[in-house]
Amino acid sequence: MTSIQENSRIKCSEQITEDIFRLTLHAPLIVSQAKPGQFVMVKTSSNFDPLLRRPFSIHDISTDGDLSLLYKTIGKGTSLLSTFTQGMNVDLIGPLGNGFTFSDNQNICLIGGGMGIAPLLFLARHLKALSKESCTHQVLLGARDHRELEPIAAQFLSLGYKTELATDDGSCGHHGYVSQLLPDILPTVQGVCVCGPTPFMAEVARQCRAANLPCQASMETHMACGLGACLGCTIHGSDGAYKHVCKHGPVFDANEVLWPL
Amino acid sequence: MAPIKNTSTVDLSVNIGGITLTNPVMTASGTFGYGREFSQFVNLDAIGGIVVKGISIEPRAGNPPQRIVETPCGMLNAIGLENVGLERFLAEKLPFLRSIKCRVFVNILGDTVEEYAYLAEKLSEHSGIDGIEVNISCPNVKKGGVAFGTIPEMAQTVTEAVKKASTLPVIVKLSPNVTDIVSMAKAVEAGGADGISLINTLIGMAIDIDKRRPRLANIIGGLSGPAIKPIALRMVWQVASAVSIPVIGIGGIGTTEDALEFLIAGATAVQIGTANFYDPSAVNTIISGIATFLEQHNETSLTNLIGSLHTGDLS
Amino acid sequence: MAPIKNTSTVDLSVNIGGITLTNPVMTASGTFGYGREFSQFVNLDAIGGIVVKGISIEPRAGNPPQRIVETPCGMLNAIGLENVGLERFLAEKLPFLRSIKCRVFVNILGDTVEEYAYLAEKLSEHSGIDGIEVNISCPNVKKGGVAFGTIPEMAQTVTEAVKKASTLPVIVKLSPNVTDIVSMAKAVEAGGADGISLINTLIGMAIDIDKRRPRLANIIGGLSGPAIKPIALRMVWQVASAVSIPVIGIGGIGTTEDALEFLIAGATAVQIGTANFYDPSAVNTIISGIATFLEQHNETSLTNLIGSLHTGDLS
Amino acid sequence: MTSIQENSRIKCSEQITEDIFRLTLHAPLIVSQAKPGQFVMVKTSSNFDPLLRRPFSIHDISTDGDLSLLYKTIGKGTSLLSTFTQGMNVDLIGPLGNGFTFSDNQNICLIGGGMGIAPLLFLARHLKALSKESCTHQVLLGARDHRELEPIAAQFLSLGYKTELATDDGSCGHHGYVSQLLPDILPTVQGVCVCGPTPFMAEVARQCRAANLPCQASMETHMACGLGACLGCTIHGSDGAYKHVCKHGPVFDANEVLWPL
């Protein structure tokens, strides 16, 4: 696994809702190595505040070397990022982490909540390209409301995926949690890939375990380096040992994670 | 990977405890893994020295998450000295370190004087290790560590024990969380240390106001990064002015200018810590930068720069 | 001038040494002049309390320039306790301070116990002063100051002398440049202090690499600003957990969130220092912000928030 | 004297040479109070690095509330400032300090070196408006080379001033120090206003003292607040006492300043 420090150039920065942005960067070196589920560490400032890079999943890539991020502004780093404009440079390190694993003859359910949707588009594109004709994958996406969800869902639809939606306010799709759509789907798939808030992933993991289906979950923690050096990015493993998200993850077999009750 | 300037005619080499470093730029313990993690960003052979993550006799799991918080121009960590332990270090990490050309220092930690001595003795038996850095200063572990790093007599005792048990040069790393850093430095010098590195992290804290809980599971953690640089520089200057063994400056160093400040203040070498996280090729940049600075100032040797601070008539 | 939210139904008042502050937000000594300098940016009447620049018996000229250096997320100052002296303070500065509604604390400094006692006695004779803050911690003056702030017995002696000489509430301001802040705090509590404020600045340094000279004419200076917040918060939490008199949190506070962290950690009030320089209306913003936070969390009184930190089961 | 914290809006940011910029801000409240020789404290960052505001002389004002700054990028703050673009907001505090004093019936020589030229344009505009017809003021400007000097000199010329130039490289005007032009001018004026590097101002002050002419010098020091609160901005006074540049200055009678030898 090779990671690269690349000075990418912004091709476009789109505002999707008041706090959700899509950033497209030309980063051909990183793109050439990237696998779905991996992430990049992004420098958001030219000075020391904020100090650390910020981790973001690779949302999508293009064959001509573009990489896109989908992110929500929640603090200093993401707010700064949202002010960046076309033509500016962004210092990236990536691709980092392990990524999702998949076989070419299984039906997979991709389920994402909130910004957890980000890594699933790249995964969907990849699965599409690799899977046998016979595969019928499923996409389930949840978010606060339709304004947040629809522009992103459109991308999955354009890849030809069956895509079901859920919103907290019922403004599109199912009114409620996206995990509530999962029971109907589980019997039709051989595996689940999930990303989103921890309680949501815990619920998805629980359903998969009950159905005896493999589930891969992409985890989030605070990271300083993303390189396996600082040992800051721990989560509790089900075996009682700590796991480092940047090195052992970010994608884990859901059974290896100690989920909060 | 940034190119390393080694066409330079300037002599960057420095000597610490009888061993020569090709240049004064080292990496700080706990911030550079075991070297390998950075092989894609840095020319490891060109580094002055690598100090590996602190090793204890037995493996340690470290603290529960959350272990890291960003603070203004700094970060708090409460890793809790997670490490693979002596045995796995020797078996799994040392072979790679032996394969690179730069000097390797092993940072050690223990709960008792005997543990420090045992580690020093065992490490001396293996090739590929150029020196020992004794961490008496980590603020994250409740027993032992804190007292060794804050009471001069105890620091001296540990130093003596490690020196006695080891055939390698011994550097003692000081904690900044003390009233009088000079008396700590003098104690470890009296204990026979071949060098002193400072500073380790300052003890800090951060609170999540919505949850009304500390952000770190360990409640408190160690503050590092540019925020602490002025404090580190002051302590390095005070210590370098008071002892006659080499001093290694650490604390918030991320640029060539930062490194030069410490060298001018009297440090024989510097260690790059937190900067490796946000700028993984920082070590390379700084090595080249020091060479360029010296050339521009018509210095043929780094040693002319070390401790060259003028303090007379400053207004 | 930012509007002050005082339509709030939340009770923000706090009590320090028997006097009531309408809210817990004060200004730190040496960063707010004598109040007047900020009258165009802040509603002075609405501030919880103003602590004026440290006063000595005789005027002091302070240190030669350069007195100030910016550092990452912080600044070093070596003002050297420049002040107009007791007499001119009473004649020229106090009348304006009397004309505003907020509480006024006078920060005092001396080279001997007797000087502290003399200042406390004289200030007690004048109306318009609500309390005394004893600065035993300024790192810039070579004699006296440093030792008072680093040796518990001496801190206790000064506290006792000031208490005896004065009829006003006495707050003692601690230096963070010590190994054990709790023992300092316990000493001044034992000495009869009515409150403890902390932290003063950390000792730091900066070097001009081209001139190979310290940037400050005084060589070393005091580090303040956001960079030091994690250290200050840790010390405030440790001290508030260990003493039973009110603690006033100081160090890098510039936003409502910062102030709330200190209150949750156990501070009864906070002081805003360096932030006044880059954001002169910060005090107003923070007062409103605390009220809004409490309303949003359905708290009717600030006292429920103070010291409300949960430290159990954090992982 | 009233100072105001004003959230100004950038009308334009012009790059004059690789490291010299002119920033025009709409700041009607500050402009309405401003006097020549005063300065503003500028916030150059939305986060804490750089932490402190930066002091800049008021370079010029317009009747419709615009204020311009002329600055050189030398470090973090000025570099950030140079990335600001039209429409962005800049938080200013001003006007600060005392400013130049002048009477309406004296010939004045304005002499500036490097960025010390900045406050002189506003002063020149003001003098022009206030002076008796009979006054013939003089402007002497020095800089590294013609590229730096000519665009700024043009402004003084357009106000109708007799303007003599000097450059370090001789690429326009006198080849050498602008202070070398002063001896010829001193006999024709009743006062001098100077701003620039300290050694240069010391030389101008020396010539004025020798000619027994009043000289006003605009001083620079490191400032934290600009408000008279931090006591950081000291210079040595000729009377042995410290002077605070933000409060007693930035403009001083040259005889009150202890000039370095």
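Per-chain residue numbering starts at 1, and chain names A, B, C and D are given in the order in which the chains are listed.
Assume a contact is a pair of C-beta atoms (placed from the backbone, for glycine too) under 8 Å apart; a residue touches a chain by one contact, two chains touch by 3 or more.
All values derive from a computational prediction rather than experimental measurement.
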item: Graph distance between subunit A and subunit D, where chains that touch are linked; value: 1
item: Mutual neighbours - chains that touch subunit A and subunit C alike; value: B, D
item: Taking each chain's C-alpha mean as its centre, the one farthest from subunit B; value: D
item: Pair joined by the larger number of C-beta contacts - C-D, B-D; value: C-D
item: Chain centre separation (subunit A, subunit B; CA means) in Å; value: 36
item: Averaged-CA centre spacing for the pair subunit C and subunit B, given as whole angstrom; value: 34
item: Gap in Å, rounded to a whole number, between the CA centres of subunit D and subunit B; value: 46
item: Sequence positions of subunit B contacting 2 or more other chains; value: 64-65, 72-74, 225-226, 315
item: For subunit D, residues contacting two or more additional chains; value: 48-50, 236
item: Contact graph of the chains (line, ring, star, complete, other); value: complete
item: Touching residues (chain side subunit B, partner subunit A) in the complex; value: 30-33, 37-38, 40-41, 53, 61-62, 64-70, 72-75, 77, 79, 82, 225-226, 254, 274, 276-278, 280-281
item: Residues of subunit A touching subunit C in the complex; value: 48-49, 236
item: Interfacial residue positions of subunit D with respect to subunit C in the complex; value: 2-5, 43, 48-53, 93, 221-225, 227-236, 241-242
item: Residues of subunit B touching subunit C in the complex; value: 63-65, 71-74, 76, 150, 177-180, 202-207, 209, 211-214, 216-220, 223, 225-231, 233-234, 237, 252, 257, 260-261, 264-265, 293, 308-311, 314-315
item: Parts of subunit C lying in touch with subunit A, wherever the complex brings them together; value: 72-73, 226, 315
